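Heads up, the next two complexes both have chain A, just with different partners, chain B and then chain C.
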Partner chain A sequence: MIAELINPYYLQVASFMLINIILGISVYITLSTGQLSLANAGFMGIGAYTSALLTIHFELPIVVGIIAGALVAAICGILIGIPTLRLQGVYLAIVTLGFGEVIRVVFVNWETLTNGSVGISGIPHIGREILSTLQGFGFNPSMLGLQNNQFIFLSIFTLLLLVTIFIIWFFRRQHSSRVGRAFAAIKLDEKAAESMGINITYYKVLAFAQGALVAGFAGAMYAHILAYISPADFAYHRAVEILIFVVFGGSEVIWGPVFGAFFLTLMPEVLRFISEYRYMIYGLIIIIMMAVRPQGLIDVNMLNWFKRKRVKGGHKHGAGNQKGM
Partner chain B sequence: MVLEIKKVCKNFGGLSALTDVTFSINQGEIFGLIGPNGAGKTTMFNLITSMFIPTSGEILFNNENINGLKSHVITEKGICRTFQNIRLFPQMTAAENVMVGEHCRSNAGVLRSVFRTKSQRQEETKIRETAEELLEFVGLSDYSEVVSENLAYGQQRRLEIARALASRPELLLLDEPAAGMNETETSDLFDLIKKIQSKDITVLLIEHDMPLVMKLCDRIAVLNFGKKIAEGTPEEIQNHPDVIEAYLGKEEDELYA
Partner chain C sequence: MKGMFKKLVGVTAFSSLLFLSACGGNSEQAGGDSEGASDGKVKADVGVVSFITGSGAAYGEAIKGGLELAKEEINEKGDVELNLIFEDSAGKQDQALTAAQKLINSDNVTAIIGPTLSTEMNVVGPEADLSGVPIIGTSTTAEGIPQIGDYVFRNSIPEALAIPASMEKAIEKYDAKKVALIYGNDDVFTKSGFDTMKATAEKMGLEILTTETFQKGQSDYNAQLTKIKSYKPDLILASALYNEGAVIMDQARKMGIDVPFVGGNGFNSPEVIKIAGDSSDGLIVATPWYGEKEDPKVQGFVKKFKEKYGNDPDQFAAQAYDALYILADAIKNAGEADRDKVRDALAETKDFEGILGNFSFDEEGDVIMDPTVLVIEDGEFVVFE
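Here is the complex of A and B:
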């Protein structure tokens, strides 16, 4: 029954959707201190290459590789975050965009390590790894009535779903806390925030590092799902694509990039005929959104409206006062 | 002596905004800093809170030199300010604005915030309670969930004071708190600043509303073109010839005498 419904292709699309959601969140985190980073495609690449090379050359377990990839990306995030502290708005965007390109050029030219523009193939596949581990314990997908292929993609999807839920949970909690208030204060008025005793250097670098960590993690997952990466995967196009998720969905609340990535990954799959014109449509979306709804589709007011509606319907009291996140 | 300003100069390129300004503020007093527009009053605030670094001279807070410290460190040490052009966090509620003010008196980091440890939850409850208390103190307890940009102008000014008080300052710097207020609001502000003084907080006040300054301040320093021209009690200042000249200009026959 279930077995017929599980289509590896759909699961693959769903998995990439989740990776895109994670990437969208990575931009949202940095942006929640008012810093627009276009370097997240670069951080994604750093995570992907680090994890791929460690697992291939040192035969480390994939988990170790992914964690190392995310951490190396975070360290690069700190290194780029500190010198760019003084930059704001479009200047920061230009510098981070440049950084992303530098990363790509390093991947292309450091051929002895990265295999140049040919890319790295034969990266351990996370789904197959999970399957072979479980088979070591005497498990067989046919016990669930699944084929090996189905099980592999199902396990990847489940893993990513759990991680995505964890990331959303983590940053929602962070948002409604002392740290989240400091982020928001810096975004709204940096000088006033500093005068109120907030160490803006620390929190801005923290946000940058967190964004890089999450993007690096997404990159490492990407490498182990596709089993093949090349510098082109982390180029300018990717940076813009991630940005679109946030611009379209909204950057005020975490649900913005989640919805943006969900919708914009799904759209080309459902409407196959437009997938060739994807970047044209992305460009149009940016222009229209900037003119009509610069804060993105989902914003605080919209969430509050939903909440009030729910409160009215359920005859609950008190919850309507709380500001949405 | 809470604050001592010793021979402070500040140059912006060739322009000297402050020249050899010296004054000191005693524990528990309300000290007024007045002067015509462009005299360097706000520059003095920016130097005390380290938004600018003085070109020369020393600023001592509780006998400790605070020149060149970061602004947030100064707030931690116990100096907090309000701004001449209101700088609240516009999209936050009144309560959230005050809660941000408590930042340096709390210490939950990322992990404690996310995993909601017991100490973090207690701290968060306390932050909330203190915020409500401070809002009540400045008379805004009915507006705690109102987004601050929707508050009336006078309310925003009082909210800014509440936010500054949240950092538990020893010395509070108020930059033209009565600007744009009507008479009733100004007299409420008078009561509020007196109440702040009674909480053992020293106040340094920049203000153009002379009746308010004269009624409120224990001592006053007058700046003109970046120089201190007078210092003393309100009576002394009111009768000081240089101050009258700075505000009203010279009599014509005096000029040619």
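Here is the complex of A and C:
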């Protein structure tokens, strides 16, 4: 029964959805200090290439590769974060966009390492590695009544789901912590925040590094799920796509990018039945969204409205919980 | 804290439910009639992953046209009854992979044709191979595609076959010894074409005077061409797609470079003549497809295609057309729509006479055939001799 429900196709879509959610969150983090970064596609590429090269050339376990990929991306985040601190708004966006392109051009031209624009194939596939590891312990997917490929995609999905839940949980916690309040203060007014004693250099670089870390992680996962990467995957289009998740869903609360990535990844798949018209509808939805709700679909007011409804409905525990989500 | 976590789990569960219900609709239509043979006819579902929307939609449309035409003819003949299921990849690897997953798992197709780009095939190929679904690329020309696995085939002539063929003929005729290379280094297609050109030139003992690069969408090539001109090459090897390639030729001719150009597969398009006009004379390309060939099969195809779609078929349409015939042949020989049996029958394809010419798979599933070498003369592609 369960075995029939598990279709690798759905799991595949769900996995990409989760990766996009993580990418959306990475932009949201930097945005929560008021910095618009378009470098996240570049950080994603750094994570993907680092992990892919480490696991291929040094035969490191995938877990080590992914962690290394995320960390290298975070270090790059700090390096790019410090010099761009003076920039704001559209100027920062331009510089980070340039950085993303530089990363791509490096991947294209550093042929001895990255194989140029042909890309790297034969990257260890995370699901297949999990399966073969478990098989080493005498486990067989047929014990659960699953086929091998069902198990492979189920394991990827589960892993990503756990990580996504952890990331959402972490940043929700952070949002209502000292760090989160500092981020919010900087976003509202940098000068005021500084005069209140907030070290804005530290917090802005921290936000940048966190965003890069998360994007690098998503990139590394992407590399190990597709088993093939090329520089074109991390170009300008990707940066814009990630930004759209956040703009569409709303950048005020973490549920915005989560919903945006969820909806906009699902849309082209659901619309498959109208084949060539699907991207027209996709575009149309975004245009309507921007005209009707420029702040994004989900914002604080909407969440509060939901909460009030729930309180009226008789749930008591939400009553005192009016702090912004 | 606990409450928040609960909510979080709740939202996640809800969203996955929403997702499942949203996608659940199409799972019913799969299976059933796809397998089994009634009254001697073999029925089979064939999935197609193609680049139908986005910048490369012209390729996807041509492929779709070729396949539809072949399907009608095959079904009319009545040995096999094919049902094509088209899925769009938008030219992206992740989209191509989900499309293939849908075809393999939800639609239970017997075989897959596509995807359009080699980059997509690098992602889809291993997955199809692991799932045991035969997959035929009709436009994937990069190195190493059929080597992905036993279930991966292609009928598009690889660069490694096309480029040496055109280079050999050109060098023989013009007695060239010194060549200059120019290629786009940020595109998989042109980069892999360049690698083949360079390897072939070295193997033939040609002197490579200079190697110049350009980027996609560039419009001014004077710097590269001035340098090339100063070396006075006998021949220019250009690995470019037709839109950039045509501009390069135009600017080269204006600068007074009048040596012939040898191009890769991406340079082979009637568009070159449209864009560059007279400057395109002297472009030599090898192609699997030549629409002027005096073969009743070829002329029949060109006529039917033109009647149906109103334009001349290009190589993508022709390759897709032949691919479906090869697949139908294999399904007929296999006797049933079984993935493994179809794969075995495909691997045995030998001396298939299609509109592209005599065609066989080698043991890896790669192409064995002789490409036709063409040259542009007075604004028209003619056979190069």
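In this text, the second predicted complex is superposed on the first by the 300 of 325 C-alpha atoms of A that agree within 3 Å, B and C clash if a C-alpha of one lies under 4 Å from a C-alpha of the other, contacts with A are read in each partner's own complex, and residues count from 1 in each chain.
Quick note on the criterion: a residue touches a chain if its C-beta (ideal position, glycine included) is under 8 Å from a C-beta of that chain, and two chains touch if they have at least 3 such contacts.
This one's a predicted model, so the numbers in the text were calculated from it and none came from an experiment.
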Checklist entry - Does the superposition put A:Ile200 against chain B (first), chain C (second), both, or neither? => result first
Checklist entry - Looking at the overlay, what does A:Gln174 touch: chain B (first), chain C (second), both, or neither? => result first
Next on the checklist: Quick check on the superposed pair: does A:Val240 touch chain B, chain C, both, or neither? Answer first, second, both or neither.
Outcome noted: neither
Next on the checklist: With both structures fitted on chain A, tell me whether chain B or chain C touches more of chain A's residues.
Outcome noted: C
Next on the checklist: Going by the contact rule set out at the top, does A:Leu161 touch chain B (first), chain C (second), both, or neither?
Outcome noted: second
Checklist entry - After lining up the shared chain so the two structures overlap, which partner does A:Leu188 touch, if you call chain B first and chain C second: first, second, both or neither? => result first
Checklist entry - Do chain B and chain C land on any of the same chain A residues, and which? => result 321
Checklist entry - Which residues of chain A touch chain C in the complex? => result 7-10, 12-14, 16-17, 105, 108-109, 116-119, 121, 125, 128, 149, 161, 164-165, 168-169, 172, 222, 226-228, 230-233, 255, 262, 266, 268-270, 272-273, 275-276, 278-279, 317, 321
Checklist entry - Residues of chain B touching chain A in their complex? => result 49, 51, 70-72, 75-76, 80-81, 83, 87-93, 96, 99-101, 103-110, 113-116, 120, 123-124, 127, 145, 163-164, 166-167
Next on the checklist: Please output the residues of chain C touching chain A within their complex, sorted ascending.
Outcome noted: 3-5, 8-9, 11-12, 15-16, 19-20, 22-23, 26-27, 52-54, 57, 86-88, 90, 93-95, 97-99, 101-102, 104-106, 119, 122-123, 126, 130-131, 142, 144, 185-188, 191-192, 195
Item to check | Residue ranges of chain A touching chain B (in the complex, touch as defined) | outcome: 170, 173-174, 177-182, 184-185, 188-189, 191-201, 206, 300, 321, 323
